[in-house]
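Alright, structures below, take your time with them.
Next come two complexes, and both contain subunit A; in the first it sits with subunit B, in the second with subunit C.
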Partner chain A sequence: MRAYILRRLAQSVLVVWAVTTIMFFMFRVMPADPTAILLERGLTDEARQALLERWGLTGSLWDQYIAYLGNLLQGDFGASFFYRKPVWEVLFPLIVNTLWIAVPGLLLGAAIGAAIGTAVGWARRGGKLERSGIFLATVIRGVPNFVIGIALLTVFSSTLGWFPGFGMGDPGETTGFARYLTLDFLHHLTLPLVAVIIYFLPENLLLMRSGVVENRTEDYIELVRAKGVPQRRVAWHAARNSMLPLITWLFPALAETIAGIVVIEIVFSWPGVGRELVLAVTRQDYPLAQAAFFLLAVMIVLANLAADLVYGKLDPRVVYK
Partner chain B sequence: MTVAPDPAPVPGPVSSSGATPITIRGRSPWAAAWDSLRLMMRDSFALIGVVVLSVFVVLAVLAPWLAPYDPFQAMMTEAGRLNRLSPPTAANPFGTTGFGQDVLSQFLYGFRVALMVGLVAAVAVGFISTLFGVLSGYFGGLVDDVLMRITDVALSIPTLPFAIVAVALLGPSIENIILVITILFWRNGARIIRSAVLTEKERVYVKWARAAGASHFHIIMRHILPNVFRVVFLWITMSVAFAILTEASLSFLGLGDPKAISWGQMLNTAFSSGNLRTAWWWVVPPSVALVLLVSSLYLIGRAYEEQTNPRLRRR
Partner chain C sequence: MSLAELNARLAAKPAAELRVDGLSVTYNTARGPFHAVEDVGFTVPAGTNLGLVGESGCGKSTVVKALMGLLPEGTGLTGRALLDGDDILGLTDDALRDVRWNRIALITQSAMNSLDPVYSIGDQIVEAIRAHEPVGRATAWARAEEMFALVGLPAARLTEFPHMFSGGMRQRAVIAMALALNAGMLLADEPTTALDPIMQSQIMARIRGIHAHMRRSMVLVTHDIAVVAETCETTVVMYAGKVVESGPTGQVLGRPLHPYTMGLQNAFPRLPVRGAPRQPLISIPGVVPNLASPPPGCRFAGRCPFAADLCRTTPPPVAAAGPQQAACHFTDRAEEFRAAAALPETWRKMRAAA
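And now, the complex of A and B:
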């Protein structure tokens, strides 16, 4: 077990290094020249040189790469061209904002999806409930997340005026964590959160339904049924065993959510990492874009690692080699 | 003393005498593909998907003849002013955009972009992931090791953020969007197909074919491929859906090809010009078309999923 964890850790470090390298060369080798945007015309040669040195753009590509890796190891992501301050200072508060819609959205989507999925999986094969459940879930799964966002925004914000559709609200006097506990914040949180839930629900539903269908013909279910346990409780037995794939799926899904939530953050102008990535790209603020991308990649690697480890804890049949 | 092996009892792939060659010869990949398609069509939900998809293909092909105007042409009122945000009228059945362009024409041209992205991505992703999946699953060894390491890294790359950065750096054009989509989605496909090939090559009949002297090429074409077709089709269907969604998302984020009108771009312009609420005629058509298209693909994909997982089949 320990050897397995160590090997997986080493593998994860390797993957992070590879992603970092790909990203570095992508940003430097691509047609768009990062220095062109940075250097305003009319600069003297000395001023230009000083600027280049300050942003770590001097020397050969290889030197730049080594310097970049060295800085990364020390937690130095460089400074944003646009904000003129360290990238980390810009991104750190945004991570929290993204997690605020990603984590509850994913958990609620999974819980509601699993509940309905169990009902659909337990329903009579080919019956009305099963067929309409599958059909609706598949169709809703095909709704792009910005269409969900636009629909919610148009109906509940602009037409009915029940919820604000822009940003996180005015922090006012409150600072630090207290701002997340105000009613105003929750009011702003509602629509983007619902959008994430709707985005994730169908996939969970279908996954859970497949699990329940696979389990319902197993011998242990027959046994429980033979003991005279009420239907509802029997379904619960099947559901519990079907949750395994769902739970492992949750970790990579969290990583993909944080990445995929970009679009929802844009629709609701929610100040998260994804929205900042899009803004940084359009402003050609490469250090910021690079760091935001790196952050998202690291989250995916960590999530995959966690999934592998948790799966073994939950399923005694899994043997680590 | 050695006896020269008698060639007669060894049923080679070319020999056509006796009962054994039938199992050795396997199935033609085309026949297997056709069978797979027919099985899928038996699913009524998948049939709905196929019907919607066919209508979309027809509209995409006929778009230039059906569209009443050039999608970029600005409409003028009789007074010679720009006809902005006009609700549906006889002249503009779907109204006009905030820049006075005909929504119906833009909408119809959108079919072309969506289906072209989907089609090219399907061919590219389908070909690359099948090639790598089969090679690494069948031969194993170094090919497999290298491929698995590459996909390990590739799977850790956040999809949409990568697409955003890559398209922004390469320049927003339809070719670059398709290139990025191909880079992104071959990886999962290769892995899925590889594991299907791994199970298939351990089957007894494959070993028999091998023992009977069938070549690797023959075994792959007539034994392995026909049996992993459902997995390949499932993956192709899903990649078409992902490709269309990715193009739409990129366009919605303002990274679409400025020379081709896509549904994502229409929504982006409506959204960023602040006309979401008033100009429903501008927002509803591209949204509905996207939902119909992607859902149809998922309905088809679901039918293959049920087929590839025997435990899900009706008993």
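And now, the complex of A and C:
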């Protein structure tokens, strides 16, 4: 088990290094000049040259790469060209903002989806519940998530006026972590969170349903029924055995979410890391974009490792070699 | 409730009596109704074993599933199954809650797949106990340990998962589970089919030993008539969804009235006995008829070496000779048939004709 984890960690380092390298060179070959966005502010040629030197963009590509890797190993992501601040200072609050909608959204989406999926899978084959469940899940999955976002905004913000339409609200006097505990924040959080839940729900529902449908005809379900336990308990056995594929899906999804809910962040003007990533790329803000991609890669790799380990806990038949 | 109280309570359960009457099961398939079981009846007196024999596809397992209420939804079901006087046939899952495992328990056919892979075996036995008795987990676990000892498994292995057990151990675990609530009636659906011959006889010896010890009633489904001869007081022979012969085991197997029972006996290998003539192994030619469109007369007529025209047109009446009954037009010629059925030529001629 320990040898397994160590080997997987070593592999992970390799993967992250590869991603970092590819990212670095991809941004450098893009035909644009990061100082261009500052031109309108009346940058002189000397000042521009000075900036390039300060940002470490003057040496050969190879020298730049070595310097970048060296800094990265010391935990230094550099400074954002655009914000003129260390990248970490820019990214950290944005990551927190994103996690606020990503983590609860994903977990609730998975939990609600799995619960409904179990009910749909356990329902009579060809019955009303099964047919309407599959129909709704398929339709929702087919709708682009910005449409869901706009629909939520139209109904609950513009028309009914129940929830605010954009941003995270005014922190006012409260600063730091306390702002996340205000009612105002939760009020702003509701609609984007619901959008993320709806985004993840159908996938989980369908995965769970097909698992339950497959498992309900297994011999062991027949024996559980024969034992005379309540029906809910029988359905639970089928659900428990259908959860395994959901787990392998869940962890990588958590990491991919950060990038995947960009659209929802944009629709709700939610100041998250996904939205910033897109902006950083268009602004040629290499350090910021590279750092964001680096973090994404680390998260995805770790999430996959975590999924494999949790899988072993859920399915006693899994052996680590 | 303590373990001693639970044990005393469960030990006080009497053996159950089962009367099955006119049981018919019709599967509704895409190609029309399929009469898997037709007009089956038998009685298991309290504290006795009944052997239900016949070749694959004759409806034995369907009878067991009908009794446990495990048939797929929408299956046609008629007749009665009186367990100590209560009709348990065709009840809903909720209505069966108290009957299943409490009064009638099941030893499944394929123990390989009949345990949930993600729960420990101990947890699965505990689940059965706690579904019916108001006991804590610790007491239920202690009871499970006793059941494991009864089937010859070390109690420490209760914490293990099904994939860590061999086939024989899994079968024993399933038996331990079936005994956990000391139900008055046990249904054993081919409990040894998936095992190798040595394990088969070990498991059967175990079942017989437990049975003698606990005095339960049992329906033993098998295609092995040697097992029935050793274990069961009563024998019911099924063919193509119908009972062809039934009665006390000694009479049914010793002096069979139905040609199918005679053929079935020849189809099992026997160890050669010194001095006695070597028994040839004779198989019954042909296959079970398609039950979606069963033949109009006797269902065995197509494979019977003694069939007459009458057999192919008219279903045979049930003829009784004391407690022994057979559904054959010519039970009065059984003596003559038995002599002929012992000869391989009789059946070989059939095969040539077919």
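Convention: the second predicted complex is superposed on the first by the 303 of 321 C-alpha atoms of A that agree within 3 Å, B and C clash if a C-alpha of one lies under 4 Å from a C-alpha of the other, contacts with A are read in each partner's own complex, and residues count from 1 in each chain.
Criterion: contacts are C-beta pairs under 8 Å (C-beta built on N, C-alpha and C of every residue); 3 or more make two chains touch, one makes a residue touch a chain.
No experiment lies behind these values; they were computed from the predicted model shown.
Per the definitions stated earlier, placing subunit B and subunit C onto a shared subunit A by superposition produces no clash, and the two fit side by side. In the superposed three-chain arrangement, the CA centre of subunit A forms the vertex of an angle with the CA centres of subunit B and subunit C, and that angle is 70 degrees when rounded to a multiple of 10.
Once the two complexes are laid over each other on the shared chain, residue contacts for A:11 go to subunit B alone; subunit C is not touched. When the two complexes are overlaid on their common chain A, residue A:74 makes contact with neither subunit B nor subunit C.
When the two structures are aligned on the shared chain, A:210 is found in touch with subunit B, with no touch to subunit C.
Counting the residues of subunit A touched by each of subunit B and subunit C gives the higher count for B.
With both structures placed on the common chain, the touch criterion links A:224 to subunit C but leaves subunit B unconnected.
In the overlay built on the shared chain, the residue A:289 is in contact with subunit B alone; subunit C does not reach it. By the touch criterion defined above, A:60 lies against neither subunit B nor subunit C after alignment on the C-alpha atoms of chain A. After superposing the two complexes on chain A, the shortest C-alpha to C-alpha distance between subunit B and subunit C comes to 10 Å.
Within the complex, the subunit B residues that touch subunit A are 45, 152-153, 155-162, 164-166, 168-171, 241, 245, 248-249, 252-254, 264, 267, 271, 276-277, 280, 283, 287, 290-291, 293-299, 302, 309, 311-312, 314-315.
Listed in rising order, the residues of subunit C touching subunit A in the complex are 68-70, 73, 93-94, 96-102, 105-106, 108, 110, 113-120, 127-128, 131-132, 161, 163-164, 174, 177.
Note for the complex: subunit A touches subunit B at residues 11, 15-16, 18-19, 22-23, 26-27, 30-32, 125-126, 134-135, 138-139, 141-147, 150-151, 153-154, 158-159, 206, 210, 213-214, 217, 255-256, 258-260, 262-263, 266-267, 274, 277-278, 281-282, 289, 292-293, 296-297, 299-301, 304. Note for the complex: subunit A touches subunit C at residues 124, 218-220, 222-231, 233-234, 237, 240-241, 314-317.
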